[in-house]
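Notes follow once the structure below has been shown.
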Amino acid sequence: EEAKDAAAATPNSSGKTIPGLSITNENHIYKITLNRPKKFNAITWEMYDGLVDSLKEADADPSVKLVVITGAGDYYCSGNDLGNFSKIAEVGKEKLAEHAGGVFDRFVKAFIDFEKPLIFAVNGPAVGIAVTLLPLANLVYASDSATFHTPFVTLGQSAEGTSTYNFPRLMGSLKASEVLIFGRKLTAEEAYERNLVNEVIPKASFAAEVDKRIAQFAKLPPQALKINKNIVRDVDREALHKVNEREVKVLMNRWLSKECEQALTAFMTRKK
Amino acid sequence: EEAKDAAAATPNSSGKTIPGLSITNENHIYKITLNRPKKFNAITWEMYDGLVDSLKEADADPSVKLVVITGAGDYYCSGNDLGNFSKIAEVGKEKLAEHAGGVFDRFVKAFIDFEKPLIFAVNGPAVGIAVTLLPLANLVYASDSATFHTPFVTLGQSAEGTSTYNFPRLMGSLKASEVLIFGRKLTAEEAYERNLVNEVIPKASFAAEVDKRIAQFAKLPPQALKINKNIVRDVDREALHKVNEREVKVLMNRWLSKECEQALTAFMTRKK
Amino acid sequence: EEAKDAAAATPNSSGKTIPGLSITNENHIYKITLNRPKKFNAITWEMYDGLVDSLKEADADPSVKLVVITGAGDYYCSGNDLGNFSKIAEVGKEKLAEHAGGVFDRFVKAFIDFEKPLIFAVNGPAVGIAVTLLPLANLVYASDSATFHTPFVTLGQSAEGTSTYNFPRLMGSLKASEVLIFGRKLTAEEAYERNLVNEVIPKASFAAEVDKRIAQFAKLPPQALKINKNIVRDVDREALHKVNEREVKVLMNRWLSKECEQALTAFMTRKK
């Protein structure tokens, strides 16, 4: 199945090819497309690390002013690929949880410390870590076909992506709890009202409208963009790193729990 | 007068009867009803301590997944029973302020550290500490007959219940100041817009609709519920305890002030 | 040009005349009017220091319960007077940046530590520091002719006035970034939705409606007003001072940058 998507992999400018990601870099805009449409752009171990490398590359390239992340096809991103846990029998639960914790930790850290303005263009449904990461950007555009779902409790897991810090600060602790604890799925309009989205754009014109806005931003002076992005982030940077560490630790424990095992088995069985 | 409400007192599962509170514990849901409808469910010293004990009992009972707090009759809760201050002449101002400070401190602490998801079902008007406590829950449902009023300044008192921390984080510091300093009374709809309420439900179907939603939540895995509640709370726990201490100290001074004495006298006189 | 506005200067109660400011002090209300309408009430070095002195005077006067700040004419305030930088050739960039940094630092500090409730009555368009300061008040009224614009990046500068802390806490980090980094100008209605404004009032009745509301607040007990203002501020006071220091340091570096020089030259040239 992943082989079918292999065409989607394009070399980034350092010449490395990352399966599941397509990258362009022109007119000061570094654009990453999650490109496994048949898997609803679920994130594999390779894609996590590939995204980290891409952010580093974009930071290091002086011609880049902005990074944009979007999805190919009708879905934005279905979150963590549950196939990532398929090697449980082979490697053992503990080893796998440790590996997964390390990947998540590095991944979220890269978004906390990314130094240039970051824009998410959510072209369709988003799930799990694809939702919780959004507040680490500087702008989120959403297609009116987008939905936002974080079913952590149903899956026996726990909130990540610094969402336990960022969501209460976007929408207040009560509406954040509704989403993170009780798993309420939000429409694009609801996500806008809860400050998780800056603008809702009709699906038909989504990509074109986003491109138009970003082209304008790419004319702004690069140092001022970078400095203002970081002076806003600096206020919360330390707290975000602390929260990420705690969330990863709790999540690693969850992955080893009976509840999580049962929930994932139920979910996998339902799917087939 | 309180004797008339004594029928409302029901033993909790440890066999203790708490006047003014009715408690049920079934289907994983521990439900506390403030039950002094003739006094608009104003909270007596006994009820403060009774609520603290109830939260501890709910935490300790492994069958309990969620706690719900609501009010009997048309009112949700008129806040601190001003009758609590009726013994001033007898005990002396200083002693009474010290006692009251201790009660408030323990009461708010119990809500900060309660370990399971907590839901307030605000069935009608709420005043004072019945309003300020709301953000310490994980969900707040409001009847469309509910109002939210914190007339601290008019009564010569000061904001409590960790509201000086939580309200600015729900609705921003300006709208929080409007409520906490200038005493603006909110409708249910305004409270929703300010993130103090998750959903407004028509009064006629309020209890039934709330029960329906909570029954769904009670099917979720208990460990994941508890862990996600606490990972969200952990972000602010230390700050909340610090704020509670400061608020109680300031409030104890307020109770000893001329302004507070005059305001309470004016209020009591008006009432009779 | 400034001479034309000199008539606007009125002595404050300590007998000092501050060019560009008109001050009245009656019925417990200390009212400061930014009064350089021909310059859109842009803030000169003298006005910065005059505002600091006025806040100190209002704090020290026991008859004052509230401070109100508004603008004369159709504009509220166009922010920092770019004429403040006209002495660059004479004094040198470094000296001027150091002077400006000192002025900004003292100015913002005075708002953080002002001890009584503060109300901004935004009678028309607001720009730059006139916008970023707003969350340091306790209430913001806006005329429906008001707009809110912070074009820091376009001008090669960086966010100040503790906005990097306060704006994400009012409207969430994403909508704050839209304003502070990408310079989105808000209408009064949008500012209300983003918690930067408490109430939008039609321009025709703005002054009268604001006066009516404030006259009511001026009846409240003064100690309770002051104490509640400070107990809310105390939660964030330390963080606000730290943020102000960082913002001033970054801004001083910006003023010395090539980007800022080019942007200001372009802006000045465009104006004439």
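First chain written, first letter: the chains are A, B and C, and each begins at residue 1.
Operating definition for what follows: a contact is a pair of C-beta atoms (placed from the backbone, for glycine too) under 8 Å apart; a residue touches a chain by one contact, two chains touch by 3 or more.
Small disclaimer: the values here were computed from a predicted structure and weren't measured.
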item: Overall pattern in which the protein chains touch one another (line/ring/star/complete/other); value: complete
item: Shared interface numbering between chain C and chain B [over half = same, under half = different]; value: different
item: Superposition rotation for chain A onto chain C, Cα-based, multiple of 5°; value: 120
item: Whole-Å gap separating chain B and chain C, where each centre is the average of the chain's CA atoms; value: 37
item: In chain B, residues with contacts to at least two other chains; value: 169, 171
item: Residue ranges of chain A touching chain C (in the complex, touch as defined); value: 117, 134-135, 137-140, 166, 169-171, 195-198, 217, 220-221, 223-225, 227-229, 231-232, 234-236
item: Chain B - residues contacting chain C, complex; value: 152-154, 156-159, 164-165, 168-169, 171-178, 180-182, 239, 243, 246-247, 250, 254, 257, 259-260, 262-263
